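One structure coming up, written as structure tokens, with questions to follow.
Letters A, B and C name the chains as they come in the text, with residue numbers starting at 1 for each one.
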Amino acid sequence: MTARAVAKRKPAYLRKHGQILVAPAVIMLLAFSLAPLIATLRFSVTDYRLLFPDVTGFVGLANYRNLIANPDFWPALVNTILLVGFVLASTVAVGLGLALLLERAVVGKSVLRLLVISPFFVMPPVSALLWKNLLMQPVSGFFAWLASMAGVPAFDWFAKAPLLSVALIVAWQWLPFATLILLTSLQSFDRDQREAATVDGASSTSIFRHLVLPHLARPIAIVVMMETIFLLGTFAEVLVTTGGGKASTNLAFLVYSQAMLQYDIGAASAAGIIAIIFANIVAFFLVRAVGRSLEV
Amino acid sequence: MRSYWTWLPALALASCSSGGQEQTTLIIATVNNGDMVRLKELASEFEATHPRIKLEWVVLEENILRQKVTTDVAIKGGQYDIVTIGAYEVPIWAKRRWLASLDDLGPAYAADDLIAPVKAAVSFQGVQYAAPFNAEGTFTMYRTDLFRRAGIVMPARPDWAFLTAAAAKLNDPAAGTYGICLRGKAGWGENMAAFLTMAHSYGGRLFDERWRPQFDSPEWRTTLDTYVGALRKWGPPGAATNGFNENLALFAQGKCAIWFDSTVAAPFLSDPKTSKVADSTGFAPAPAETSGKGANWLWTWALAVPISSKRSPEAKQFIRWAAGPGYAAIVARHAGWLAVPPGTRMSLYRNPNYRKAAPFAEVTLQAINAADPTSPSRLPVPYIGVQYAAIPEWQGIGTEIGQQFSAAIAGRVSTKDALAEAQAASRRQLAAAGYYK
Amino acid sequence: MRRVRAGSAALTVLAWAAALLLAFPLLWALLTSFKSELEALEFPPHFVSFHWTLDGYRAVLADGEYFRSLVNSLVIAGGSSAFALALAIPAAWALAFAPTHRTRSILLWMLSTKMLPAVGAFIPVFLFYRDWGLLDSKLGLLLLLAASNLPIAVWMLFSNFREVPGEILEASRMDGASLPQELAMVLAPMSLPGIASTFFLIFTLAWNESFWTLNLTTAQAAPLTAFIAAFSSPQGLFWARLSAASILSIAPVLVIGWLCQRQLVRGLTFGAVK
């Protein structure tokens, strides 16, 4: 069989198999996303409160209106963007640095990798508890001890900078994720190409800028897209540390407080739909920013 | 292997529905406090004497437990046979007929032995709907050694003026001692419990008879100024996010001179294994103002049976054992009298062994007896509860207001603005819930 | 054997410092798990000179719940990850090597299924599971978590497959390899590190997932996330116990991570392309 014949046969052959191969994943996702979505839409226009089971009925957009009128609503949107932005920037930047370091280290690579990945193993609520009480507590926490050694008063993290404190905890949890993806991609980078460039006299910064970074553009885009989706929905850290409040509430926490504190399923569903709309808007801008790097 | 695990319990449960000679499995949902954990450990004694009943436990942190159990009972998920609920839930759930009546527990349960306010807290329209397992009130804890050194004497009935004056005198951050520790962490069951109790003791109230919020009243003004002022001036750093547990840790480490909070702290603070100041902790009644009303809150964790449970005879058997008068002796045998769940039965407080082991018993009993959730303020109120309002909306309202007050403690807003926000928020939520129609 | 340059030594030291710094909170929790409750909050903190005790671990392991929860976690996390991979590998292959004009939309759509916060969809899912008897079942959780992690798996595998130079696959095709042969004998070995790290990541995500696992289970199917919730914030001092419970629930993931390490460490050799 000639190469040309094989090449000609390729597109249709691949396309047919491609559709079959994607189908199971698509069907599974459809099943698990469509039904809850439709139900949530339905609940969002009804008056459905768990503690008032006899009260039901179509209320139109009342749930949405009440939510937007909530004074915590717009701050929550702003906080969400701030939180996601901070965590994205810090995890990508520090993750890149860590990945480069790990790739070059020569002693105990496997243990190193495990250490770096370890924050990802801890349950988010437990992480938040550990940070809040063992590290950030201004009276008996570890940071307070460091401050006392340096002779400065301890910083009251959650009183003075609640959103930053929450963002730090979340960034700590997600740093391993970014590091792992970037590291895996770095390892696939052709070392021979890089060494050839060095032999040719290119400086390491120039290699980094013109060879390594472009190669990493796609994994960075992947990290950004995936982290964003997760970060838009994190609320456990907020719940455990500050319990809400205008300074540190985000949209996901609003949904949680409606569903689980007030048992107002109608309001929670409305908040969930708004969260979807908001996430779509964020994704739109994100795709414009990094979409090309995905090379799709 | 996986399907074996999935189907076996289902098979077991299915074979139990006939309720005859086969084994019945009870699923019990409970809080993770020390008394409940011990109940779970000692429950093997119950299983030994009741071979046809097997117990499965779901032990969770308070907030998660409340969410899971409320959701399940409200949607009639039917997953639990016994649930642990608090004094806040009982009137709300009983009104919706979600709970089985426990009036038929029989003489072995000795319902008359229950301390009166506690029994009232778990009853609705004269019928008992939950069996109290442990109960708590409020009192003042203080460092007897620091008081003695400064020449201050704790009066028989302190008031807030005295406590703040003492805190000012004893505040010594350089030595690592803070004048007063109070709850600051946002939450309807955290800082709002303390704020509301204090406001009630000043004669204020949450809502008037027409459900209008009263945060613009002078009593609330005094409450916020005193409470927030005391914490800002003589409280530990990080006070805005300190809840019960954090303050307990601080006091046990010797960092608080005065602490106003729940009586459940007493066993921890009196035990040298969990407290560095076990020998120098004193207990006094909660600060009360002139009317004496509203100074003491009342909370109880109680076992209840959801109406949807299909195994309520067996569930009641367990409740009779766990919340009955004989349980105290079982705990004493295994872990000593100090470990007996406090606050529910008079027989415990008449027991000389308990009195000897627990020096705080008298103050605790007084605190609980003095609590009257049906009349928390000298003004009339449309709700029940001293440190909460037994309405479904209270969780949402209390949490939102708690955040405002926590921000005030942190210094991010003034007390005036915090009160204004609280007023607006509670009005908004009550209006949305239809209270003003 | 590579020449070890002086620069590498310095970088190694830096890498170790960074790694220890990052893992510090966890190491601190490990230390705390061996302290008594009272000493757990001691200030100034003690690093070595405290009374080492196993009380925390004893309390946590006392009633044997840990082992049942551990098995549940392994089944749920392992099963859902394996299932998700089984669906994701073919899908990612198709998206990476047979791209169409729809590929981008499919990828973005998959990610968008995660836009509805779990809390928002809670009641519909709970009702559905109640009516179908899937409450408190490992199977129910397994399916849900598999669907939840499927987009992540597809994206990561897609990224990984894209790194594989097309020439090698074309070469194998020109040699006459059929599709299954191509997948199994050429693609799989080259992307094993990527598949391993994908599995590891979604396994960890499923292991730590604390909303569905807490709210859709009671006693039988409760995994370690529910187990830890029993030690979290009770009234009283609980730091030693919580630290011990956390360490015990991290340990299995560490072991699995260690086993996956060997896949992650193995580099790709693309010298063959030249």
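Throughout what follows, contacts are C-beta pairs under 8 Å (C-beta built on N, C-alpha and C of every residue); 3 or more make two chains touch, one makes a residue touch a chain.
The model shown is predicted, which means the values in this text are computed figures rather than measured ones.
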Classify the chain contact graph as line, ring, star, complete or other. complete
Chain of greatest Cα-centre distance to subunit C: B
Give the chain pair, either A-B or A-C, that is connected by more C-beta contacts. A-C
Using the average of all C-alpha atoms in each chain as its centre, how far is it in Å between subunit A and subunit B? 37
List the centre-to-centre spacing of subunit A and subunit C in whole Å, with centres computed as mean CA coordinates. 15
Check each residue of subunit C and list the ones that touch at least two other chains. 41-43, 123, 127, 229, 232-233
Junction residues of subunit B - those touching two or more other chains: 67, 71, 75, 249, 253
Name the residues of subunit A that each touch 2 or more other chains. 133, 139-140, 260
What residues on subunit A touch subunit B, complex-wise? 49-53, 66, 69-72, 132-133, 137-140, 153-154, 156, 158-160, 241-247, 257, 260-264
So, in the complex, the side of subunit C touching subunit A is made of residues 4, 7-9, 11-12, 14-16, 18-20, 22-23, 25-26, 28-29, 32, 41-45, 87-88, 90-91, 93-95, 97-100, 103-104, 106-108, 110-125, 127-128, 143-144, 146-148, 150-152, 154-156, 159-160, 162-163, 173-174, 176, 179, 193-194, 197, 201, 204, 207-208, 210-211, 225, 228-229, 232-233, 239, 242-243, 246, 249-250, 253-254, 257-258, 261-262, 264-265, 267-268, 270-271, 274
Subunit C contacts subunit B in the complex at 36-38, 41-43, 62-63, 65, 75, 79, 123, 126-127, 130, 133, 135-139, 214-215, 218-220, 222, 226, 229-238
Mind pulling up the subunit A residues that touch subunit C in the complex? 1, 3, 6, 10, 14-15, 17-19, 21-22, 24-26, 28-29, 31-33, 35-37, 39-40, 43, 48, 97-98, 101-102, 104-110, 112-127, 129-131, 133-135, 139-140, 142, 144-145, 148, 172, 175-177, 180-181, 183-185, 187-188, 190-192, 218-219, 222, 225-226, 229-230, 232-233, 235-236, 251-252, 255-256, 259-260, 265, 268-269, 271-273, 275-276, 279-280, 283, 287, 291, 294-296
Across the complex, what residues on subunit B touch subunit C? 2, 5-6, 9-10, 27, 29, 31-34, 37, 40-41, 56-62, 64, 67-68, 71, 75, 77, 79-80, 244-245, 248-249, 252-253, 264, 268, 273-276
